[in-house]
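Okay, so chain A shows up in both of these, paired with chain B first and chain C after.
Take a look at the complex of A and B:
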């Protein structure tokens, strides 16, 4: 996307910007009201031909109509209201309209056996899908016509109470969105449309988020939350603790959310190594495996190697320490290699771990038989995997695990944030930016790198200990190369060096496959495609860290678009 | 005579078959500015790298206040020798203030635990470092740019930021590698004033530079390095007047060259 290219587009489209936006917005609303399919699919609950009751179930089958209506109205508002970087906002909304329309139209076409399903068949007409796609394209073009200007920084300073209120409302909205994302379309196998509904909702959410980001709100909010770090973490944790009380409060989603949490905590640890210190680690999940194995062996499971049963907190601390020692041990010989070579060494370490574990080295891993029967945690007699009731409120099974893991993630976040904004964190970032210059500033790069490996591995070990008890079984199969890559993808996808990014990345990477079960063999293909698209259009990650944004986004902080994307040697490998 | 702040004794550096430095000796007295000039490829930057521990000299040693410097850049900086780079090497994606605070790293004491828990003593140290960094930024003339990313600064400001970052390590000796490369006359003049002010704070300075006029106006003493050897050393007046320096830079006058060519031709004829 060169500057010349986009300015040429702008000149041809400039006079058409506003008319296109208005036409597209109106068409999106019309599409929301039109019938979408010429006949009833399967059991007939695919959007019937005439229903307009789309407000009562925003996250069910007909929800996409409601989403389209919202997007259409927003396009019209954006066309008239005096907002910053209007073109960028309009374009984002256009992508939302186009994606929602395309996902639904494509799904109906495939399931309905041809284009007749979304045009005219047997005397019935249903042009909703076509109109929706046209509307989306029009609005995207309108965005280019108005001119896609760089995101502007808001210089709005607010007093602390107002900032708290804004953060509270925003994080509340995030909680609502997460609950919606988890529950849209219901549990994978129960609803035949779950995958399509989820993708459609994702399109809607992406459009809205991109529009908010385009207008500069996201950047402002992240600056605000960085300013009020402690408050943000507390509110975020509180929001997460409220999740069991929402629609997502059932055993299935508690389990999924707890798994996401474990991987999110691990991803944050990896973020220290990769995002801050810039050390590409491809065998990171091994540390989680070491933590899990240590915890399993001290858990009192029948096949545990050590006969002693330690209380969970003690076992968790030992797991973290052992993993940390391994981290430092692996870190030391890698000090002499950089970049690609470091990645290869860590990859080899990961492989050594899996092979050793597979072959039951020292009798502590139990090889391919795994270590089953790890007892569930319990606190004051309440077992973590049972459901509990507090007064009249009955909470789903697994909720205590969920709470434990939320606390774990919050603690990891605090560790990351405190380290990042400290003498040590600055030294790590300096090493990432220019190792020789960092040494010339008196930073003992060797010690600092080992420290990064050690702390990252400890966090992974801790997460592994929780993992062991949560799942009840520890097998080397859970800690293979693919898991390391997925974790790395979570870090990069979310935005390197950014905390909310790591959580969002982990959530997407572990929810998406769950949600896409519907597409069976195409699942991984769609997943890979989504990753490629995100990296193409947002190389800095979904919620980038301020520094990374400047480095990888297609813009200067000063505002002028820059032609080439700056990809430093470290990023190129990722 | 007092001990010099920095003393390079007979420093040689050999890369494979290439003798980059051949027994260079240099002394820097406290509160002085020494200039290091020489044609491209004379070994100036190699010499700097030996002074800062990036290279370990093949023979010879470098002493700071009479103590031999360790062969590790981080330890050298800790001991009190700071440097800037010929091609600016800031941390591009860190802010201006953060760049200088990285320079404070070596004078701060917080370890991993303090960094993790952010206790009162941590807060105090952090605040002090921030204040000192702001002070240095205004000393080099970069005010109100704290939160700007260093990559976005104009070229001249980046040079000054690099100097502020080096000063943040509280050095006894500051090594500047071509601090005015690519600057216009006004900026060069400002840099000269800045270096004088740095000397006033008690820091001794070694400067590599191609701009002869700048060097002669700035330095108390100038050393000329040619093909890895120290050619001349002395006050600007002495160095300026030395014919060997003129020859190293401009070559020999035409008549001498003519003479040389004839001599060579005669020698060849004799052999034949």
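Take a look at the complex of A and C:
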């Protein structure tokens, strides 16, 4: 609805920009104060007292109605305040309003069995959803009317203490947002409306974040954290370690967060191969599998093939080395094979791994019976899967695993960041951009490409070793082609070559299924569709790396569009 | 000896099936240098399309194979063509001129999407579905070798269609346009060739062949499942690369070689049929590493 013909629409909408924004903002606030459901649904009242019978205090809004109220007020502020790239901000807020309203209205309609639930039924009226959607559309149109200009750079210089404070507050907000995102909707299937609550929250967060990014704040903040790199890393690590003390601090969410962490670490490793060196690897998860199998076989589990039990750090190092050797072997065809042919070679290696593991090759994989009963890690007598108490604070079970995995992710991030800004990293980027030119500049391309595979595989092997102990079972089923594609999708969704991107991508792709059990059946289908849509509309990913953005979205390195990005990709004109 | 002959026959039939799919890969790659990963799923969708056509037929028509079988082919081909055209128009065409990896990733997405769409929406697609018995039954017996009539039909269709395709591309006006676009899209455009039409036609031809393959697969193996697209797609891709991507003759010969490798390695190599899949990948890797232009391609790739 927004991208069809924006140049024509903009001229027609230009005088309407501000009035639409004001009307939309007011309507969003009104929608927040209106009832949303005419009757109580079968699964219970719609959350946040939006069901008519329970609509006793209209001005006491919580949950999604509070989000809507906030967005509406922000739209009004944006309409009047002299802020940079106002159209972009207004449009982002509009999408937030529209998404929140649409998610809730759609869920209510489906669960309530028809449009009567969100309009009028038996003399009762509840127009919150309709008003909200109208408000969202109006605000989006207002954004186009005002004009979507490129994001501007802020030239605000601040002193070091102020910068520290800004970073501290921002990362604190990130921690809060992560905890809220994990816990919205409650644990598992306890709340029948968990999916709706979560999606609605996601819509709100996305709208707000896009608005912050549109106004230039995100870019300024990342520049700031780049300046004070050490401080930001410390604060970020502290924030991650503080997660168990927030509302997300129970066994369930610790397990989910730990799993996300393992995949995030693997995704960062894949990001070296795909994002930096530009070598598409479709069998990457095999290295994680190799690492997991090595660790499992040295763990002392009953079905382990070797009769040796090694302490975890030793086993993890061996796992990383073995995976790295395989990585170098898989990478060796890169000396002769390029581009999409290379992708097929890696896919073939991945399939050979799956097949061999399935058939219990050499007796080390135990085939489809898997290797169960891998003992949990322990340190100074504290088992990692038990809960621990520090003084008076009792921490949930699994928290030690979580901390271990946060350290793992931090270590992979450090490896990635150091490599990226080193001579090796620059060589990789040069190879990605133009292999022949890189070779002409004296880069030994073959060696560099194999190195990328080797390091990527080692990181995956390390993550695999942790995976084995964390889950207690290793089966080839966890390392099939689809997992490789999922990891690749995480890297692409987050933004190739960008560290926060890989973490965000992994988090989204591995949290969403946890949250959207209603759509479990459609999970992979939506996932395939998402791959297509990302490549079509935002190939640079959610948090793009600067050079990647320049390459994929026709922007120059500073971020100014060479060609308007959001009009939709150029079609090949016949 | 009789085991060897039997496996050779089986390998040729497998090869005929793979050839029909491989042609789609090789033609699309020849024209737009895209590994259309989703082509295997087009083949799978066609198989389900044929089955659905049969299910929708009135009962008295189901009993007469002479009517039901052609209708199933038509149904399978129509479904395949519709899917391929939609895929080209909405997934690949917007990405023309994008970096090479973008359409490849899109193709992965299309592949996952199609497979899941069939799994979720086709009734009972989560398990193997039996294919109707409308195909010629019984075996052709040559000495000690038994060949199912469906296998004979498969080989005949495969070879026949490849010859027709080769002739079409070499002799017809549109075939000339395809060869021109493959060699140099810009110059072809200057000469009045509409690249969009050529590309759509390429996808359609690939889909028709995949449609035939999909229905014949069901007839030969008697049941179908949603994984068949991915597996056979990989085999077909291997065949296309082995023969030299872009070359029609190469794809067909490559396919027969792959079919023979599959059955013979399953029989004679250590590990048996559990590892036949692995040997094909080993061949794929060796070909890509040591002769990426394939058996019939020239170092500077010649395209269909």
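Going forward, the second predicted complex is superposed on the first by the 510 of 574 C-alpha atoms of A that agree within 3 Å, B and C clash if a C-alpha of one lies under 4 Å from a C-alpha of the other, contacts with A are read in each partner's own complex, and residues count from 1 in each chain.
Assume a contact is a pair of C-beta atoms (placed from the backbone, for glycine too) under 8 Å apart; a residue touches a chain by one contact, two chains touch by 3 or more.
Small disclaimer: the values here were computed from a predicted structure and weren't measured.
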item	value
First, second, both or neither for A:426, with chain B first and chain C second	first
Partner chain(s) touched by A:539 [first = chain B, second = chain C, both, neither]	second
First (chain B), second (chain C), both or neither touched by A:111	neither
Which of chain B and chain C A:305 touches, first, second, both or neither	neither
Partner chain in contact with A:18 - chain B first, chain C second, else both or neither	neither
Touch count on chain A, higher of chain B and chain C	C
First (chain B), second (chain C), both or neither touched by A:228	neither
On chain A, the residue positions that both chain B and chain C contact, one per complex	551
Chain B partner contacts - residues on chain A that touch it in the complex	415, 418-419, 422-427, 429-430, 433-434, 436-445, 451, 455, 547-548, 550-551, 556-558
Sites on chain A touched by chain C in the complex	278, 280, 282, 333, 336-337, 339-341, 343-345, 347-349, 351-352, 355-356, 358-359, 481-482, 485, 488, 492, 521-522, 524-525, 527-532, 535-536, 539, 551-552, 568-572, 574
For the chain C and chain A complex, residues of the former touching the latter	35, 91, 93-106, 108-117, 120, 189, 194-196, 230, 234, 237, 241, 271, 274-275, 277-278, 281-282, 284-285, 288-290, 292
Contact set on chain B toward chain A in their complex	52, 54, 72-74, 77-78, 82-83, 85, 89-94, 98, 101-103, 105-106, 108, 110-112, 114-118, 122, 125-126, 129, 148-149, 151-152, 165, 169
